[in-house]
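Here it is: the structure, laid out below.
Chain naming follows the written order as A, B, C and D, and within any one chain the residues start at number 1.
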Amino acid sequence: MIRAGIVGGTGYTGVELLRILALHDQVEVAVVTSRSDDGMRVDALYPSLRGSIEICFTKPDVESLASCDVVFFATPNGTAMLMAEQLLARNVKVIDLSADFRIKDAAEWAKWYGMEHACPDLIAEAVYGLPEINRAQISEANLLACPGCYPTAVQLGFLPLIEQGLIESSHLIADVKSGVSGAGRKASVATLMSETGESFKAYASAGHRHFPEIVQGLSLAAGKQVGLTFVPHLVPMIRGIHATLYAQLKGDLASQLQSIYEQRYADERFVDVLPAGVHPDTRNVRGSNNCQISVVVPQGGNTVVVLSVIDNLVKGAAGQAIQNMNLMFGFNEKHGLQTMALYP
Amino acid sequence: MIRAGIVGGTGYTGVELLRILALHDQVEVAVVTSRSDDGMRVDALYPSLRGSIEICFTKPDVESLASCDVVFFATPNGTAMLMAEQLLARNVKVIDLSADFRIKDAAEWAKWYGMEHACPDLIAEAVYGLPEINRAQISEANLLACPGCYPTAVQLGFLPLIEQGLIESSHLIADVKSGVSGAGRKASVATLMSETGESFKAYASAGHRHFPEIVQGLSLAAGKQVGLTFVPHLVPMIRGIHATLYAQLKGDLASQLQSIYEQRYADERFVDVLPAGVHPDTRNVRGSNNCQISVVVPQGGNTVVVLSVIDNLVKGAAGQAIQNMNLMFGFNEKHGLQTMALYP
Amino acid sequence: MIRAGIVGGTGYTGVELLRILALHDQVEVAVVTSRSDDGMRVDALYPSLRGSIEICFTKPDVESLASCDVVFFATPNGTAMLMAEQLLARNVKVIDLSADFRIKDAAEWAKWYGMEHACPDLIAEAVYGLPEINRAQISEANLLACPGCYPTAVQLGFLPLIEQGLIESSHLIADVKSGVSGAGRKASVATLMSETGESFKAYASAGHRHFPEIVQGLSLAAGKQVGLTFVPHLVPMIRGIHATLYAQLKGDLASQLQSIYEQRYADERFVDVLPAGVHPDTRNVRGSNNCQISVVVPQGGNTVVVLSVIDNLVKGAAGQAIQNMNLMFGFNEKHGLQTMALYP
Amino acid sequence: MIRAGIVGGTGYTGVELLRILALHDQVEVAVVTSRSDDGMRVDALYPSLRGSIEICFTKPDVESLASCDVVFFATPNGTAMLMAEQLLARNVKVIDLSADFRIKDAAEWAKWYGMEHACPDLIAEAVYGLPEINRAQISEANLLACPGCYPTAVQLGFLPLIEQGLIESSHLIADVKSGVSGAGRKASVATLMSETGESFKAYASAGHRHFPEIVQGLSLAAGKQVGLTFVPHLVPMIRGIHATLYAQLKGDLASQLQSIYEQRYADERFVDVLPAGVHPDTRNVRGSNNCQISVVVPQGGNTVVVLSVIDNLVKGAAGQAIQNMNLMFGFNEKHGLQTMALYP
């Protein structure tokens, strides 16, 4: 039994951590912080947690967090980097769900996130928490950078092709669609129901912050710099990401792709290659930590299409964070994460 | 460990039973039947169950079902009554999620359901599976009639007032709203996304099949015949029921109602009386077996308003069925039902 | 051809006025004000208006507004009452879509709206803009108070019964459901898609600002004070209001109600009594100025149920305002308002 | 004033034709046919049309249709080709909203639509009704083939690049998303609200019927055979199509693209090139006949991204059909089509 703290417990990734951890029998949620709701019962803000979470929000404070074995940062970008060093010094493992430690190049990070990095020396120490490529390192990590939601869906979709050098990696296309919970729980006109319901649009087509993270991950897997066009879209639903990926095959590989994908993910409990001809649907992973993937080569051409779906708040955030925690503390990787998708 | 069978596994209550039972460690799902999908893997129809349910649909057949300790009927009305007797004779407990055994008066049943009852003698033996009023009987039951979704939300909302005789029971009003999954998984124009999305309407205002069931249950609790106006509505969402109940208070009871409700449900794990002033929201019970209730007397008048929410597929169907199963087999009533609502 | 100004053009009622007025060939939209977007083209904020509205937002200013024949206030409560007097003095007709002039009792207004009224003397002069009860007065009005969205749906539903004294008016119940656009276009956590999608709840059950307005209107029609319980609910859709109204009939009137409703509204182009047995559906009035109504007496009892639907932004706001404008300027009442609902 | 007939008036394109034509003052809707609803008032099926359409459905019959000047086919594929010849022989102009006359190669048509063409000789005579490329021919047409919804959005998006030979036309990618009304108004499990709400998926990735139509149109514009990968997706909303198009630029053209698009569509009332940096949103064309388009070259690369949105039932079907009718009868092309999008 370990003690866990959550910094920034009032956002969607925070409450999702609570939903999953409340049923994880190796973890006690000891501290949940919120500057704005200090002193309020957590279940007063989130009545869905009544009967399961009994504690109150407290102010974020290194001293109380230092009593934990692990601290999750479910905060806006720029917060974790201010507290991570102190917690690590107190032997607390840190799992950051924000972007603070995802990008290895501090200058690149500063360019995309609009601020100087507060502890560039720590970046090298941080382990990128995508278990499907990094499991061994994660098990040894003290500071873990959880991948973004889009990067998770896109990397898991492209990896089998990239790792084996089967596609032209200079012209990758990722047309990705996300439910609105990805925009977080903050007052905003743009994500009102009246603005996002019954409508569909692309956004940030000129450059989205997850772009450098995806490029970094795929380039690492390719062993060389990849070229990517990444267009995110907003779907009138709450949870779910659907990545539609396009690339040019280097040869006549269409008939082998299904087994290449199945073999790549044969030992992965949370990545599920669907039978040939089945399209993944975001609802089939809603609330679960699964990624479901299909691969197809339409019309007998040489353009491969990969379809990859996750729940942005689970495999794209809180679930993946807990999968990483399980690895970091030697628990069964699946522990507490076996819940199935809520269908319909 | 008991063996469970599900007859009618291709509807929404069937797949919801599978979702919950797959994680219930006292139950093995041994048989799932479907006439139309005989031979197909269950997880081919429901990819959300991949990795959790490995069996195939079979034809409904007494012989194979008789190897189970319990059989759930998640079938259209009129099916369970054709097989229940044979299964009971083979010492299989029967939990019927359809309406076949809910109404004690076979003639009344025939009037509302448009067919003669196939085994009227069994009706008296059936126990009405609302644990909050019937727990002891349920523990002894062999044939269990699960309440309808609307009746569950309405009865749990009215019971504290009715049982103590605090309201004029001759003019009860239940204005109830349901998500579209209540209409089931069958091809139909009326429940297409294009027909039900972005719209709201009442239906069956002249008479809905759940009317006699609610009247029967409330009359039993009142010790006399109650008068009810029941208007169901269709909400553009998938899961959830919200009952808004109105009645006239017999006296100046406004200040006592909160504690009356809290006391009535103090020992009920799945009925949660919210703090005064908090409105229940269907999303806070989505995917969970909880009923959340508020009571308010607006404007200092003598009209009491009760707000009661459930997930129609969980506390209104599959979850309640499993809660009943736990009682019938001596398991902890909460076993396998502790999952929290999926918020957001 | 008249010149119209719109104060507060950046909210949903403002843009809806623009959508309708752009096709009204007796009206030129001359001024659209917005403090925050001063100088910006209107169609830059609202690309749906591209090609139809060519002007820019300006600061609200009496001088420029005084060049108009009519000024619409699509502002938050408390703004129109600060400018109305000056505009009226300049012979500009004022149509207020906010609540400033709806309540005849200034003290009651202050209680519900949390501020002192700035020009209580003007209240008596204001005409309540529900053409179905007030057509003659509206034709003569200089200052018009447009009804709220809930009050429009509820009053149109109850009027035939109230006017003829057919129901017990001391215990009226209005269970009303609204799409989220009723909450307006302002940054807010509560009306995010992630908070309101796929969920249903009641709110403000202890007292909503439209309560005194409905009571005032129905009491006037009844010739005595009515008693009302009013519970608003939030529906996961953008546009639409559905009122479900309950009352006790004074006699055995069930068989006459259909013709009573049909006769009451026989000459009303925008109130449509549906054939017996048909339920109104908000989508059938979405985008149109229609109110569709059904009346039913379930189970042969003496409780009458009235179902009344409108589009909250059209008949509940901008459409009704333009219907009033047509009357005030002697245009055909239907002019510019014949657009049908957008189905599906 | 001309007389119009609609064959297949009970589907979504049929009712959308009625919605628009009811306000078109040069057209009288004289005949609306439906086999299944023969004799029923049209507004009994579609209460949104009450007050505007007074006629009844009749059986489809050449004799009565021959009394019309124009007949619209809003039927499933395979119906128009059985009646077109007879109507043309009676001097009735035929506008087919189905796919029967879209594909010039009858063998190709038979392959994709699964039946032999009934009147291959007529195919050559049919004019493809995309006014933005075919206006002159349309004005002379007697038999008009309305483009499919996806082909409209995709072709309008690619045309400026294709016509001028600015992109590698051998590897075009069209990632297209549609609301569910595109699937039509027919009983089906797959398009139930419970199946399509709150979810997103690709479908028919191996080959969709609109594929050969798009290839035909773009190849014609390119003057050579193009290569296309086309992946359609289903969006949890009712109306709207969003095409995201990708291609490789042949040179350093990024800075010229905005003006190339603006010039190409400068004279088109229904194609609107948005200012640089603005993303189109399907809601901004919902209910209108507009196509809104943006073009962007992300990250300074050579991949051009075009975003193109339409309402699938208007510019993608009924609106475009009426735009064509206006041209065929010498009316103003915009007549009856000036309605703005319904926002929010």
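Methods note: a residue touches a chain if its C-beta (ideal position, glycine included) is under 8 Å from a C-beta of that chain, and two chains touch if they have at least 3 such contacts.
Since the model is a prediction, treat every value here as computed from it, not as a measurement.
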When you check each chain against chain C and chain D, which touch both of them?
A, B
Using the contact definition given at the top, which chains are in touch with both chain B and chain C?
A, D
Centre-to-centre distance between chain D and chain A (centres being mean Cα positions), rounded to whole Å:
39
With chain centres defined as C-alpha means, what is the inter-centre distance between chain A and chain B in Å?
36
How big is the gap, in whole Å, between where the Cα atoms of chain A centre and where those of chain C centre?
45
Using the touch rule from the top of the page, what residues of chain C touch 2 or more other chains?
12, 181, 185, 194-195, 197-198, 236-239, 280-281, 283, 286, 344
Please give the residue numbers of chain C that touch chain D in the complex, ascending.
12, 15, 19, 22-23, 44, 46-52, 181, 185, 197-198, 238-239, 269, 272, 274-275, 278, 280-281, 283-288, 290, 292, 338-344
Contacting residues of chain B [partner chain C, same complex]
171, 173, 175, 177, 179, 194-195, 197-203, 205-207, 211, 227, 229-231, 233, 235-240, 242, 244, 246, 248, 277, 279-283, 286, 294, 296, 298-299, 301, 303, 305, 307, 309, 344
Which bits of chain A are touching chain C when the two form their complex?
12, 180-181, 183, 185-189, 191-198, 236-238
